[in-house]
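So that we are looking at the same thing, I have put the structure below in structure tokens.
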């Protein structure tokens, strides 16, 4: 736990969020961790098969409070499987989004940007915060960035989608891993030419494009798979955990989930 | 579950309440049930020792929603012990208070009253509802009723306490098992000479006594142990379950908890 | 206006919704109407070019209240263009979803189902309501239905996506035009084998699939373009308006927008 | 706009208020401004006749958010007339009340007081704030002050009314242009002998008078026309704008509305 | 009390209102009642001088809950004076507005209208409700009605004011005693040509006049003194009480307050 | 009043609390004060008999706002008796809990602890605050402390009750006079071995004991009479007032109420 909390301090999480240990004994020894984006049934089954002691995820298992963990409920069934198999469940969510080296840091790095600032800086002035914005070394286009992301993100059924003008020139890039539709004001204020995020729906996307066309013709939009946008972070998280465990002389086996939790499997 | 729900329909529960299956598989076979008032640690340990499949309680395990069932939390620790030992947990609370033959019905019967009406009738007009009020066959006194309760309730450290005039004559008796301080208006409207309930604190009790003294000198107060007032119902619930299982040709062993969950163990 | 209100009674709209005349004079004569899904800038520009008197849309222009219609704001700019060009703006939204022959009626008809019931019936018992559920004449599969929809809906960049098992057999189909993620409980209660809707995001979709897999392996999911799912209704609305105007001896020219307001233009 | 915002900074406005550009293009050139207290129909018609580019008012056009600007609604009709005639609409309300040289400053100057402090100072410590309080050079009476105001304010049907003792001596005067019934606590704390404001209703006025009579016999009350109390500020605002435009080398024609928007036209 | 409650049933009062006995002993004998509009200090002093047992008012003494009746507070001082002098205080407010023969009934009768309906009927279908609307026998004008009211109401400093067109013809008249600015929608729906009420402020009045001018040029406005509009009801209430006491064989002396609680004493 | 406010500053009171003068004239001379815990009817009758000018209590008379002080209501009846007999009523509640030398200070001193810190320090950093925690000179046991309290507190029907392990060793003691069930988190954080408070009900007590048993086996619980826990403070308050009056050269007679307002009079 101390290792997790030092990498992703729980007090960086948003007020509405749930982070930390959802299932398991905080004092139990952990020798084997499975890392995954979501605590879905397939992922939990994988943890059972692999004999993991702890399932580390990005998304929380119990975001909203429950008054029953009956095995007949979705969340309760997961709780039963985890406890019956002696598997703890821990997550780092908006605290991992906000931390240095966090979800948005890893996502913007796919575009080749290595120096960036938060879109919404944390009030503590530490340089941490939600989302990232930074400048490319050379001018590119929305289409070229979308192609680059399609190559570097894990493949998904939906792929990488462009909203607005694919040929628009891009110097400044904003990103938010996961669903970023609440950050449009910050993106516009940042001067970004393109905004890369996931799960954009019809209304926010069409209103953002009209707002862009009225003004300075930015940002164009790139929508990626929610799963893909955040799962790239898991490799980085695994490396960070590996180093942190080694630094403390702890021997913990880390494995990455082979389950793709993007819901879409075919398209026509 | 069907047996439970037919005896204590879940839709009789108050809006703020939590009833039903909190832990366990709704489709699992149940052969052995432990009945207790509270799902405290000692009671859960008893269920483990007795090899019960299901712990039936009056009070809910998870009254307020939880976003973690970490074994390091009070409620999460209970969830872990229950699941690890294959014990389901089910409760009937305000639905059992309200049902015919429910908590207040059993409590008022200790005074010898067999016919009673709800203090707050359920809007469905079925005669069910919260609390009970009824008339004694003969005039008694507050003191005599308190002595009778002290004999018939399981013994507790605090015993049975009288507020107001112990010598006051009593014909009409109101009761509410458990903490009944929200029902004073209904009790006064019912014309009861004495009100038997539990967990009365300083302010509601002193204000109720002054209100009584100003008006028609009723009700006097009898405060009993919360645990004692409701645990007498467990024997009745056990009988009702026994009959219901037999009627359905089910073989389910029922046991009553030997744990006294009244918190007070000594007094000076 | 009377024609609109007789086809799509405003009191069928949900409480949170905004329907009716947003811009223009309710007493002005209307000779030419442009029908479109969204009052976006491109659609309004089309109305100007076509010389329409009224822009009829499904989505509201001013869903949330505004305290300024400055031309410098997104919504205010639209108001200025409309008024300056003498174009009124009227919409039928959740009242058109709910009405007979409404958005979900038209969408389910694409699967060949001609008889259906609402997923959430309107309390007036009229058979109207949100969403639709009905039975196919023959057993099909999720994949075949997705292919059929891909043929019959207007083409979009994202196309038609399947979540869950594409080979699952389907007899019963539920649909909700537009974003239908709030209806999962009603869909499950309806016994539908597949649920066709739009704008499903990562979390609702993955939780719905796990819920399905735990239980009766239904519903599988088909996600279509929000724009496509509702724009098929516009042709039906145009026919209904044509008939209604003719019945009243009114000469009103109706045109359908050529603008595709789906935000996504390329994918990689 | 920059000129307006420098004279009456929008961040001085109260949270519940609406200020700034309600109608029109923020980038359009402005050559002719009509100044008025209220954007009523008669005032907007005057702006049309005068060929004004912008209607500057004290009171907001759209104080509460609207989901329609249909010409059939009160506010929507005004929006249509303004846009059709190419007239922008801008207002400075509680920010103008609070600013130095603002509404209450001008009102208290009618009594001859040139140095005053805010009744409720703005938290920024700048000396700005709501209402004003200051001392007369010589002792006067409530009646004499009321007579002076009746001479110096534009004439209205209701005139200047006295509540309390007309003969009471006055050294210290508090004022709040417009409806000031929320400031009685601040007025009492200020030590004012008389409080001049508008739109005082029966209950606040009678309670304020009883409170005064119980204590230190102050403040007495003077109630003036809401319109009159604020329209005297318009001349000052016109002068300030004239100077500000000249300082920037801008040629903008300023006119004052001839419409009296006080609702009362006769009395018996 | 029974007499009061039979004339003005307390359950007719609005939810936000306070009616009934505020000070005094409900079981005390009452021989002498002073009737007044407001329980102001001057009225309470009058009750003391007259030796009244009970002060009956229209407006409540304690509309908002108090946590202290210290004599140093406005309301607490009144409580002390009343109790020290053995005077009870009772009021009928919105229940008297709503009742047959209530405040608005008496006010509309001043215009010569004897048959009227409520503006906002009480949901019980009894014909009671807030405000009244009815038709004159002959066509009149706003000015003539204002003059009639000025003659028939007790004289006040402000008098009777007209908003809108004094020469407009009037057949249908709406009234609401006291502050009626929340009823404009009901007044417009009633088809009234003029609306007579009190305490109309600048914004509701100007918006109501513009709304009238846009549409069917009604209603024009007549604003009277809040005190005058309701004090005419006191004579009717006195007569009703006299009859009711006599019917029950009770000898209770009734007196009408000589205090004018209109706050305005001079105008310039 | 100044004396009261200097000893127990009203701004130390919690937001939800009511303190200060509830009845009486703030400017009246006070020669004789009765001190009691509660302003119950018996206490007020005692004040009348003793001819007290002012009744000083710990608990407020009007905690929640009242819209009537009719003698037929509980609180109104008290108001009438007090005013009729010329007795003022003043209270210091959570401000007296928080102050140095306040309720919890006096309570913890009964265990022999003379140096203590607040459980919840006041934000002003003054060392004041709610509850107290401190260390015994020697190790004791829960049972010995309970016995000591039983000797030093005034006798009550319920006595002093122990929850948890009576034989547990105690070095560190936390106390909160009156009902302290909201402070468990602060008590656990303080490291106290036992928590002494009043009015603990079934659920908070059983959950606190399970929480203790799970962790570091502390705190054990001691529940005393609400009345007893706070009435010991009255003697200290009387001494403090005596000194303060003497310091100011004021001659005020102080008396302590002989009424025990604990509601319980017999137990069986």
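Going in written order, the chains are labelled A, B, C, D, E and F, and every chain counts its residues from 1.
The definition used in the following text is that a contact is a pair of C-beta atoms (placed from the backbone, for glycine too) under 8 Å apart; a residue touches a chain by one contact, two chains touch by 3 or more.
The model shown is predicted, which means the values in this text are computed figures rather than measured ones.
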item	value
Partner chains shared by chain E and chain F (touch criterion as defined above)	none
Fewest touching-chain hops separating chain A from chain F	2
Distance-maximising chain from chain D - centres being C-alpha averages	B
Rotation in the CA alignment of chain B with chain D, degrees, nearest 5	180
Most distant chain from chain E by Cα centroid	A
Between chain B and chain C, centroid-to-centroid distance (C-alpha), Å	52
Centroid spacing, where centroids are CA-atom means, of chain C and chain F in whole angstrom	65
Cyclic ordering of chains (reference chain A, direction chain C)	A, C, D, E, F, B
Chain F to chain E touching residues, read off their complex	18, 20-27, 60, 62-72, 76, 79-80, 83-84
Touch list for chain B against partner chain F, complex	38, 40-41, 59, 74, 77, 143, 146-147, 149-150, 157-164, 166, 178-179, 198-203, 205-207, 209-211, 213-214, 221, 223, 225-227, 261-268
